[in-house]
Amino acid sequence: MTQRRNHQIGTGLFIVLGFAALGYLATQTTSLANYRQGPTYALKARFTNIGQLKLRAPVKIAGVRIGSVSDIQLEPDRLEALVTLAIDNRYNQLPDDSAASVFTSGLLGDQYVALKPGGSPELFKDGDEIILTQSSVQLEELIGKYLVGSGDTPAKKPAEPESASKQGEKP
Amino acid sequence: MTAVSTTSTDALVSIRGLRTKLGDKVIFDGVELDIPRGSVTAVMGPSGTGKTTLLRHITGQLRPDAGSIVVDGRELATLDRDGLFDLRERIGYLFQNSALLTDFTVFENVAFPLRQHARLPEELIRNIVLPKLQAVGLRGAAELMPAELSGGMARRVALARAIVRDPMLLIYDEPFVGLDPIALNQVLKLIRTLNHTLGLTSIVVAHELAAVSRVADHIYLLAAGKVAAHGAPDQISRGETEWTRQFFGGEADGPVPFHYPARDYAADLGFTQERA
Amino acid sequence: MSEPQPRPSLIGDSLAQVGALGLFLLSVLAAVPRSLRYFAETVRQVFFVGAMSLVIIMTCGLFIGLVLGLQLYEVLSRFGSTASVGTVVAIALYRELGPVVTALLFAGRAGTSITAEIGLMRATDQLAAMEMMAVDPMAYVVAPRFLAGIVAMPLLASIFNALAIFGAHTVAVTWLGLDNGTFWSNMTGAVDVWTDVMNGVWKSTVFGGVVTLVATYQGYTTAPTSEGVAYATTRTVVSSSILTLAIDFLMTAFLM
């Protein structure tokens, strides 16, 4: 029966279309998209404060995503956050004096790790640690600082992106 | 053929002491009835006497409040759902309005009972269905949809569907309603020939005496919840009870009143002070 | 069989309806194993309730996406967070709008036609004819439509969501100039497969069952008159919409 056959074909097309839509939504519009796995290599960085940085948060250079946060731990002896970044293997040309900072996208957006490339001829290798880091800017501390009118901790001095970038470019 | 008896009685259907109430209304009050094997039995009666209800009892769609209904030697009250379905597979039922499945062609409608109960090769299905359509004269209409059929044709298709599994019992619910004289003659002829050639037992529910007399071997007249009269067509139509007189003589008033029960007429018109 | 009776009380009436629906659900579930032999019928019903609803679902999905994009871009720009347009659109769609709006459209498109179809089958004795041919209408007519609803709804909701995302992207990125990368990276950063996308899928699966259950129930129990069928069709839309929203609340509150 041709009519029955048409119904079966139509049903098949509908189901394929439906699953295609679901598959697209599930893999391309969610955090699954961030696993879009090529092979990656690991870099470590220590921060005194990572704010609201979460697992799988993006790692960017110049606003372009190059990897994600794969692990966050507290180092028991130094009481600092040890963050592991999984960087896409395509981006294996990073100078080993690049600096990492925890930034917020927009005023209230999610936090991410930004890398500022340095000028060293040596490149990062798998498992290397990023020495130059800058912690998350805490809104409350900023406000407190301006109210009291004093920079209470030296670590907060280079809190502004400008100084961080100068620091990165100087060497 | 399944019509061959498996029991000692020669009645395929036998009903004893049937009592039924639907809501507050008493439909049957002690009906006794036998349908002999191999015959055409007509059940007649004024509208609203529960002829269709009787058919629903015989097919087990409705359980009686009291009494026994034995079909082919089996008491319906003792059958579970599967037992009933087994029984119904051997009963063909022609609905008043044909009840063809509107999604399917004529051919698929007739093939429907076959397809649902067995996985048969397509060729075999054709070889069963086409002769049935041929028997009702509609082989050429096999690929039409039910909406394209006239009332008489639809009824003949429904008849082909009812006999496609070679039933032992064929039930016709009002098969003559709304047919023109040509279609009526065709259906009458079919009822007779099917009954003889297939050797089955038929129950016809109708109220057209002229038509019924031409096919029925035996007539039951139901009225007021009881069997008012029964016998061969010529003998029952000459019957002398007041029921038969009114029913077959066509008198407007009698045991079945012309007037629906009402208040006093004069009071309704406001001529007297009487209160309802 | 009964005409709409004068209702004793709204609460009593609704309770009786829910109870009757629950019993009907049990008999549908009991019929599901028997309906597996009518697999071709279920496939046919997926075509009718699913594929035939595609046009309305896709059109509405696209417009909802366009409107969401416009509204959210406007509102979020007050807080300087237009970057989150994609995120908010996606989360709102996946968790709520997709399943619920699809269910309401589905009730109007497929639910009514199921009710009218079964109601007319009742009125023209087709259901009784099946009974007489020893075919159980619960297994042959009701269960395939119920299963088809459960299969089709999550797929329809996914297609709805995909078009709505496309619509929002068109407005925010193509017309209003939001950065394409920002739109997607914010979305992918904040939307989770399990807590957002799959929650929506579960919800719409349940809604598909609810709508087709109500539709088949109303059709199956309709008074076999043209008035009865009309009444049952209206009732399908009203009851299944209310039930969908109530169950949506319960699922959101207790399960997610």
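Each chain carries a letter (A, B and C) given by its place in the written order, and its residues are counted from 1.
FYI, a contact is a pair of C-beta atoms (placed from the backbone, for glycine too) under 8 Å apart; a residue touches a chain by one contact, two chains touch by 3 or more.
All of these numbers come straight from a predicted model, not from anything done at the bench.
If the chains shown are joined wherever they touch, the resulting network is a simple chain of contacts running from one end to the other without closing. Ranking A-C and B-C by contacting C-beta pairs places A-C first. We define each chain's centre as the mean of its Cα atoms; on that basis chain A and chain B are separated by 79 Å. Between chain A and chain C, the centres computed from C-alpha atoms are 39 Å apart. A separation of 42 Å divides the Cα centre of chain B from that of chain C. Remark: chain C residues 120-121, 124-126, 128-129, 131-136, 140 touch chain B in the complex.
Those residues of chain A lying in contact with chain C across their complex are 4, 7-8, 10-11, 13-15, 17-19, 21-22, 24-26, 28-34, 56-58, 63-65, 105-110, 112. Of all residues in chain C, only 40, 43-44, 46-48, 50-51, 54, 79-81, 83-84, 86, 90, 94, 151-152, 154-156, 158-159, 161-162, 165, 181, 184-193, 196-198, 201 touch chain A in the complex they form.
By the touch criterion given at the top, residues 59, 61, 85-86, 88-89, 91, 93, 95-97, 99-102, 112-113, 116-117, 161 of chain B touch chain C in their complex.
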